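One structure follows; several queries about it will come next.
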Amino acid sequence: MTVAGHYSYWITIVIAMAGLYIVIARGNLVKKLVGLAIFQTSVYLLYIAPGKLIGGTAPIVAEGFAVYSNPLPHVLILTAIVVGVATLALGLALVVRIKEAYGSIEEDEILGQDPAPPGRTP
Amino acid sequence: MISQHYPVLHVVLPLIAAPVMVLARHGGIAWLLATAVSWSSLAVSVALFAQVADGSVVSYAIGNWAPPWGIEYRIDSVNAFLLVLVSLIASVVAIYSRESVAAEVPREQHYLFYTMYVLCLAGLLGIAATGDGFNLFVFLEISSLSSYVLIALGRDRRALMASYQYLIMGTIGATFIVIGVGLLFLMTGTLNLADMAARLPGVTETRPVLAALAFLTVGICLKLALFPLHLWLPNAYAYAPSAVTAFLAATATKVSVYVLLRFYYTVFGESVVFAALPMGGILLALSLAAMFIASTIAIFQDDVKRLFAYSSVAQIGYITLGISFDSATGLTAAIVHLFNHALTKGALFMLLGGVALHLGRIRFRDIGGLARVMPLTSFGVVLAGLSLIGVPGTVGFVSKWYLVLAALEAGAGWLAALIVLSSLLAVVYVWRFVEVAYFREPSEAVSRLKEAPPSMLAASWVMVVGCVYFGLDASTTVGGAAQAAATLLGIGR
Amino acid sequence: MKGYLVLRVVAKLMIAFMVVFALYVQFHGDFGPGGGFQAGVITAAAIVFYAIIFGLPAARAVVPDWLVEAMVAAGVLLYAGVGFAGLVLGGNYLDYFVLAADPVEGQHRGIFWIELGVLITVAGVMLKIFYMFASRDEERSR
Amino acid sequence: MIIATLLTMIAVITVVIVRERNLFAVVVLFGIYSFLMATVLVALDAVDVAMTEASVGAGISTILFLSALHLSKGIEMKPLHRPFLPLIVALATGAALAYGTLDLPAFSDPRAAIHQHVAKRYVDEAARETGVPNIVTAVLASYRGYDTLGEVTVVFTAGIGVIALLRRMRPRKRGEGS
C-alpha cells in the first residue's frame, strides 16, 4: 500500500465527504441537490479508478492492442450516472413546486410555515 | 412452457404495463391494467412460492447468460415469501385505489398515478427477486423514484416537502448501498450475490469487507427507517395519498428488511455480521429505542395518520429485534412479523383512507363520535389496533409470541418483559382512537360523514379479516417464515 | 432572437449536423464510444437548441407534446418487447440468441433494437423535462 | 501524473463549492467539476462514461439547475443549521471509506480481483460472443442488458414523474388539506 497507489481513493473520500456535508448542513433545497450530485459522483471514481490498467486502452477491441482496462465498472457507472440525473430531475421538479407552494427554497423557512411540530397536541 | 419463465414474469408484467398506460392516457384503462397485472403477479408469486416451499432454489438466467456473467433471478423460500406479500398487498390496494384515488388525485393525473403505482410494484418485486447486487440498486431506484412521485401527489402541500426529504434521504441510502456493493465488487470481482458469498471467505483483507458491511447496513437501514434513520417516514406516510400510504407502509420497508437479511445471511454470513462486528448488539439497542421512543412519540400525535406512521417505526423495531437474536426463532419471528405487520398497517391505513375521503386530514379533534356514522370502519380500526397491541386471536399476537420465545431462548427474560411492556404503549395510542371514536358525541361535521364506498370498505376488510384469520390459524405464515429462516441460516452456515 | 438572420441560418445547419451526429453515435456505438443514451441526449439537445433559437412554441409545433409523450413510452415498450420476443421464440427473457438462426447475428439484432429503444425514451424524456420546465416559466410570467 | 493533477483540481473545486454561497456560482462550478470529472474518466480509459458524464453532468444537469434556479429565484442565504452534526456524519463516512479502501488493491494492479473474474471473460470473449467490438456496449446491451432495461425504466419514471409534478392542471379548486 502506497500513498500514490491509493491517491484516487483519497480524492474519492474527500468528494464523498464534501457532498454529504453539503446535503446535510445546507438548508437551501437547490444546494442540497448539488451536494447530492457530488456525493453520487464520488462513487464513479470509486468504481472506475481501480479498473484502469496502466498501458491498457479503452475497452474497444481493435488490432494492435492487447491490454484493455476493465469494462465492467464502466457499464455500472453508466447506469449510475443515468440514475443520478433522473433523481436530480425529479428533485428539481419538486423544488419548483415547493417554491410555488411556499414562496421559498430555504428548508427552515418552509418548515416554519407549517407549524405542526412532532410530539405535540394542541 | 410458460411456467419456467415465472421468476421474471411477475416483475416484467407490471414493468411493461407502465408504458402502455402512458400511451393509453386514460385513468380507467390504467386502473384496469394496474389491477390486472397486480393480480397476475400475485398468481405467479403464489406458484413460485409453492415451487420453492420445500427449500429448493429456482435460478433464472436473464438473456440466457449464465451467472455470474449475466443477471440472475434467484428465487428461494425467503424471497418467494416476500413476493407473495408484496403482490398480495398490491392486488388488494389496487382494488381499493379506484375510489380512493378518484377522490384524492385530480382526474387528469389518474393514469400517471397508476403508471407510478405499477412501476413501484415492479421495482419492489425486482429487488426481492434479483440475485445480482447492482441490479438490486437499479430496481431500488425504480421503486424509490416512483414512490417519491406517488407521495408528492398528496393533497396537502406538505406532501411536496415530505417527498423531497424522502428523496434526499433515500438517495443517500441508495448511494451508501452502491458504495457497499462496490467495495464487495472490488474485493471479489463479481456482482452476483451467490457468487460473492462463495468468494468472500477467500478474501484475506477483511477491512473492505467490514466497511462494505457498515455501508450496506446504514444504507439499507435508511430505506427501512430504522430508528434514528426514520426521519423521512412520518411525513411521507402522513401526507401521501391514502392508497399510497397503505401500499408503501405494507411493502416498501418490508422489502428493505429482506435486503438486509439477504446481505447479512446470504452474502456476508453470520460469522462476519454477528461475530466480527457487534451487529447484534447495535441492532438490539436501536430496536429497543425504536419500540419505546417511537411509540411514545406516537401517543402524542394529533394527526391519526402520523400516529400510525410513528407506530410503524416502532413496529420495524420489533422486526429488527427479531433479527438481532440471530437464531432460528428470532428470524422466524422477524419474518412472520413482516407479513403480520404488513397486513395490520395495510388494514389501518386503508380504513383511515376511507375517513380521509371526506375529511382530508384526520385529526382526533375532527373525528369525535366517528363510530356512530362509520361503524364498520371504526370497528376495523379497533381490530387492527388490537393486532398492533398483540392481543391473542390477532396476527400481532403470533409475532410477539415468537419474539418472546426467541428472547427467552436467548436467556434474556428482561427482554421478554420489555417486549410486553412496549405493547402497553400501543394500548395507549389505540385507546386514544377508541375513546375519541366511541365515547364522544359526533359533531355536526362528523354526523354528515358516511361509510366509504363498498369497494374500499371491502378491500380494507379483506386485510382486517386477514389480521384475524392468520392470527387464529398461523400455520401457513409461521410455516413459511420458519422455512425462510431455515433457508437463511442454512446458507449462512 | 428571431431577428438574427445569420444566427438562424447557422442554427439550422447546426441542428442538422447535431441530428446526424446523434445518428452516428447511435449506430457507431458498436465500434466506438457511444450508444443509445448518448445519442438520445444529443437528439434532445438538437431540439432544445431549436427551441432556444426559434422559441418554445415553434419547437412544440415541430415536435408536439403528444409525440414526445409517446416517445417516452414507446422506447421502454420496445426494449421490454425485445425481451418478450426472446421469450416467445423459445429463449429466456431478453435472450437475443434466439432472435436469428445464427447466435451472433441474433445478438446483433437484439442490441440494435434495444439501443433504439434507449434512444427513443431518453430523447423523449429529456425533451419532455425541458418542455415542462420551460413552459412552467412562460405560464408564470404571463 | 495527469490523473493525479486532475483529481487534485476536482478536490479543490469541491471544497470551493462547499464554501460558495451564491447559487449561480455553485451551479457553474458544478458544471466545471463535471467537465473535469469527464476528463479524468477519459484518462482512466472510460470513454463511454466520460461522454455520458460530459453530456449529463455538464450539460443536462447544468441546464436543469439553471432552469430550476430561474423558476425559484434562489440565491443562497446564510446557513442557519449548526454545522457540527453534519460534520460528524461526513467525517464518520469518510473514516469508514478510508478504513475500507486501505486494503483495496493498489491503482492499476492487474492481479486485483476485478480483473481476474467476471470481467476477464468479457474482455476475452465478448467481441466473439456478441460480435460487438466495443466491450462496454456488449456488456451494457447484452450480458447486463436487464440492468439497462432497468435504467431506461428509471429514466421513464423520472420523465413521467416530472410530468405528474409540473403539468398544469385545468384550473379547479383543490382542497389544500388543512
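As written, the chain order gives the labels A, B, C and D, with residue 1 at the start of each chain.
One rule holds for everything that comes next: a contact is a pair of C-beta atoms (placed from the backbone, for glycine too) under 8 Å apart; a residue touches a chain by one contact, two chains touch by 3 or more.
In this text, all values refer to a predicted model and were calculated from it rather than measured experimentally.
Common neighbours of subunit A and subunit D (chains touching each): B, C. Farthest chain from subunit D (centres taken as the mean of C-alpha atoms): B. Separating the CA-averaged centres of subunit A and subunit B is a span of 27 Å. One finds 25 Å separating the Cα centroids of subunit A and subunit C. Measuring from the averaged C-alpha position of subunit C to that of subunit D gives a distance of 21 Å. Distance between subunit B and subunit C, defined via averaged C-alpha coordinates, is recorded as 36 Å.
Counting partner chains per residue, subunit C has residues 31-33, 37, 69, 72-73, 76, 80, 83, 93-94, 96, 129, 132-133, 136 touching two or more of them.
Chain contacts: subunit D has residues 47-48, 52, 56, 60, 64, 67-68, 71, 97, 101-105, 112, 114-115, 118-119, 122, 133-134, 136, 140, 142, 144-151, 153-163, 165-167 touching two or more partner chains.
Among all residues of subunit A, those that touch two or more other chains are 16, 20, 29, 46, 50, 58, 60, 76, 78-79, 82-83, 86-87, 89-90, 92-97. Under the stated contact rule, the graph of chain-to-chain touches is complete, every pair of chains being in contact.
Interface residues of subunit B, counted against subunit D in their complex, comprise 15, 18-19, 22, 62-63, 65, 68-71, 106, 108-109, 112-113, 115-116, 119, 122, 126, 132, 134-135, 138-139, 141-142, 145-146, 148-149, 152-153, 155-158, 179, 183, 185-192, 199, 203, 205-208, 210-212, 214-215, 239, 360-361. For subunit A in complex with subunit C, the residues that touch the partner chain are 58, 60, 78, 82, 89, 92-93, 96. Here subunit A touches subunit B in the complex through residues 16, 20, 23, 29, 32, 36, 39-40, 43, 46-47, 50, 76, 79-80, 83, 86-87, 90-91, 94-95, 97-98, 101-102, 110-111, 114, 116, 118-122, going by the rule given at the top. Contacts from subunit C toward subunit A in the complex involve residues 31-33, 37, 129, 132-133, 136. The touching residues of subunit A, counted against subunit D in their complex, run 1-2, 4-22, 24-31, 33-34, 37-38, 41, 44-46, 48-54, 56-62, 68-79, 81-90, 92-97, 99, 105-106, 108.
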